[in-house]
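In structure tokens below, several structures.
What follows is subunit A paired twice: with subunit B in the first complex and subunit C in the second.
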Partner chain A sequence: MKIKKYLKIYSLFLSTSIASELEYKTNVIIDFITAILSLVGSVFLLTIFFQNTDNIGGWNFEQALIIQGIYTILNGITNTWFNPNLTEIVKHIREGTLDFVLLKPLDSQFFISLNKIAPSGFLEIILGFALLFYCIGINQININLSFLLLCLTTLFCSIVILYSLWFLISTTTIWFVKTWNATEVLRSFLYIGRFPLNSFSFSLRIFFSIFVPIAFITTIPSEVFLGIALLWEILLEIIVAVIFFLVSRRFWLFALKYYTSASS
Partner chain B sequence: MGENIIQVENLSKSFDISSKEPGLKGTLQHFFKRETKSIEVIKNINFGIKKGEIVGFLGANGAGKTTILKILCGLIHPTQGRLSVAGNLPYKRRSNFLKNITLIMGQKQQLIWDLPPIESFYLNAAIYDIEKFEAKKRIKKLSEMLEIEKELYIPVRKLSLGQRMKSELLAALIHKPNILFLDEPTLGLDINAQRNLRKFLKIYNKETGATICLTSHYMKDITSLCKRVLCIHEGCLTYDGRLEKLLKKISPIKDILIICKTDKDAKELSNSGFNIKNQNQKEITITIKKDSIKSTLNNILNKFEIEDLYINEPPVDEIIGDILVKEKV
Partner chain C sequence: MFNLNKNKLITLLKVQYSNMLEYRVEIALWAISGIIPFFMLNIWTNNNLNESINLSNVMLSRYFLSAFFVRQFSVVWVVFTFEEDALLGKISPYLIQPLNPFFRYFAQHIAEQITRFPFAIIIALIFFLINPESIWIPNLSLFLLACFSTFFSFLIQFLIQSIIACFCFWTEKASSIERLLFIPTLFLSGLLAPVISFPEYVKSWIYLTPFPYLIDFPANILSGNNTNIISGFFMQIFWISVLFPIFIRTWSLGTKKYTAMGS
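This part shows the complex of A and B:
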């Protein structure tokens, strides 16, 4: 019953936000063009890196393209869901419109995380998947059901980790009021995720695995695609995703107790 | 807790607030070593509100009216005290409690800016578990009452402030709440729009028996809607009772407008020691105590040549404006 209600509400979120976006046609077209140019630019950058060498951190160009594909999908998801919603949390808290969200008989985290959508990010997701399929071809990867299931699971986990991180940072707005910079830093770290983790020095690798889990966001799903991921890595990815999500949820509920609402 | 739908006992709320000295030095100090102090914005307040009552909260800016409303609807945790709203602890924000209340804020909006309001209404209906058919019926009825049938299909950003406020009301009332919290609902509206909104609230209260808690700086909102008022001054409840009684209690005065026949009379009258409120050539308004009307009028009529004379109650706005800055009523 509850799931049915949430699905119905989500379908309304989708239809209203797509309708809102389509009110501004030119903006949608510009966003689409930006998505294409951004992917072309990233692939071009990668070809420059590989011009004088066959591999970086043990990954050749064809394999590195997989990371680029996963990064593009994640960036698409970021642009479609995280960016329009999670950056709004700061606005909701600063302007006090979170009041309306909190007074609805609906999970507030669900509402503020999913009520908007930017359709232009869809194109990036499609382009990312297209690049992945191309990579499956050039890397001669055999596809079977368990392979696909594993790929989608790790990809889903990386989305959850990225979401939870972003949501955690946005939640701190309840105390600090303005945390745009912190979410921007997170986005910049995600750019780093376009390159194989092994291409960084040991200390940076530790930093990107522990403090900002970029390793879990792009590298492990890419290794799964190439069939070189170790079982413990996949299990760890799932555990990290579950922990991050639960922590972000707990933290949100805890933070709400300190919400003072903006003055009128 | 009796038959009160809202019961508040010994309610207090403190906020940690940081202050900043002016200038660059103050800014740097504020950035590196922020000093916060706890300020008690609500101080040990007690009151009860019966089902179906319309109660106005009066107070100057920053008196604590909005904070009380936000505590009552569950947005802010109280620091101390007991409260019950429709049998619930508001800050737990349980689903059945939230379906029973609504908050309307004059300066904030929940409607989707780029879409016609009807889209927001259906979204709200789904959130409150209202079937589409029933939602359609309620939207029709409320839009007729609010006279916004045509505006339902026009993007919110193209509506006037008055039409937008009416749409906000519709969005907030689609789930038939029993308790309405209205925080300055007529803010920025023109006189006509204000009047329409008040008319609607009166009818809504009569038809549904909903309880309404209202804050407003437009005294007309209070005087035409609320029989009972609660005066809040610096977080303390200074008066709780009927509006008429409050007006009588604090306003034992009358205004008398005297139109003198000659300039000489006007000049003499203005120099005879009366409390002159304002003077415009031969028209003089004086303020006197209610119990001295007879003697004062006798005195004036005997001494001066008078063309005309009017006895008025001072405007309610002025009286209430006065009490907002007084500590005790």
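This part shows the complex of A and C:
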């Protein structure tokens, strides 16, 4: 019953936010062009890296394109769902409108995380998948059912980790009020996800596996895609995703206890 | 038409500086979010990609540190503030004041850069702790030239964004145009890879665009890498003198077009 209710509410969210986004039609078109240019730019950067070498961190150009594809999909998801919603938390808290969210007979995390949608990120998701299909061709990957299942599982786990990271950082707003930029810091760290983890020095690799688990977000799904991932890596990714999600949920409920509304 | 004197300028700066100091943490976070050049440096040196462009590890690390500094002091966000002010109708009271509102934004940027300064220094010190071999002291004349070119880079970006911000008078949401323009700025300015490493088919035309003069040119001066100082400054001044009249024109057209709240 409950799931049905939430699904219905979500479809309402979808239609209202798409309607309001489409009011700025030129904006949507410009965002589409931005998405294409940004992919062209990162491929350009890759070609600079590969000008005089045939591999970085053990990945050749065709393999590095897979990471680029996964990154583009995840970036599209970030732009469609996480960015428009989670930057709103700051506004809710500064202007005291979080009260209205908490008063609704709905889960507050659900409302805050999925209320809005920015359709311009869809193109990035499509571009990312198109790039991945191209990569299947140039890397001669055999597709079978278990391969697809593994790919989708790891990709799903990446999305969960990414969401939890965004949500954790946005939640800190309850104490710091103006952490609009904290998500900007996260964004610049996530930028690293465009490149194979092995191309960094050892200390950075540790940092990006433990503190900001970018390794899990793009590198492992790409390895699964290439068929070179080890079983423990996949299991670890699933465990990390579950832990991150649970922690972000608990952290939100914990933070709400410290929320002191607008007038108190 | 600008109606600006020394007193007004100093007052504006003082007000904005104290405003910025209130949000120190926020500005520290901004400073941290600019560390991408260091990650790029890590990729370059870790894979020996710099051998092909005849830059030693030390020179490359100085280049990327300089790029970090130039970026810190040439970041422009006027379009986002202006868009918010325009959407909420805050522009109307500004327009009544006998001072072009862009001076307010300009003072905000300068004040923010002053607030940013200590954080940028801390990040640089950490960088030197990790890479002690890359410590260097640029000579005074080069340092001053680098400061000027960074300021010019800031001016170019400020003018471009102000022109885009003026589009708010027509389209209401202009920040998406800025996000579009940010992509070539990111990839072509030298923030992620020095311009000399670009392939020939890009190098042949890139020096005619404003992009290499935003990060690459000032960073090369500061880090002591080879660059053509005279032609660089010439192009920076050329772009400023092209953009400034365009900004004045769009601003005057835009304010005529402007229809405050409720009309």
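The working rule: the second predicted complex is superposed on the first by the 263 of 264 C-alpha atoms of A that agree within 3 Å, B and C clash if a C-alpha of one lies under 4 Å from a C-alpha of the other, contacts with A are read in each partner's own complex, and residues count from 1 in each chain.
One rule holds in what follows: contacts are C-beta pairs under 8 Å (C-beta built on N, C-alpha and C of every residue); 3 or more make two chains touch, one makes a residue touch a chain.
On a predicted model such as this, the values are computed, not experimentally measured, just so you know.
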| item | value |
| --- | --- |
| Partner chain(s) touched by A:Ile143 [first = subunit B, second = subunit C, both, neither] | neither |
| Residue contacts with subunit A in the superposition, subunit B compared against subunit C | C |
| Which of subunit B and subunit C A:Ile3 touches, first, second, both or neither | neither |
| First, second, both or neither for A:Leu204, with subunit B first and subunit C second | second |
| Touched partner set for A:Phe49, first subunit B, second subunit C, both or neither | second |
| Touching partner for A:Thr260 - first (subunit B), second (subunit C), both, neither | first |
| First (subunit B), second (subunit C), both or neither touched by A:Leu231 | neither |
| Overlap of subunit C and subunit B interfaces on subunit A (superposed complexes) | 24 |
| Residue ranges of subunit B in contact with subunit A within the complex | 15, 66, 70, 73-77, 93, 95-96, 98-99, 101-103, 105, 107-110, 112-115, 119-120, 122-124, 126-129, 155, 183-184 |
| Parts of subunit C lying in touch with subunit A, wherever the complex brings them together | 23, 25-26, 29-30, 32-36, 39, 42-43, 46-49, 51-52, 171-173, 176-177, 179-180, 183-184, 186-187, 192-193, 197-199, 202 |
| Partner subunit B, residues of subunit A touching it in the complex | 5, 8-9, 12-13, 16, 19-20, 23-24, 95-97, 99-100, 102-106, 257, 259-261, 263-264 |
| Complex contact set, residues of subunit A against subunit C | 24, 26-27, 30-31, 33-34, 37-38, 41-42, 44-45, 47-49, 51-53, 56-57, 176, 178-182, 184-185, 187-188, 191-192, 195, 199-201, 204 |
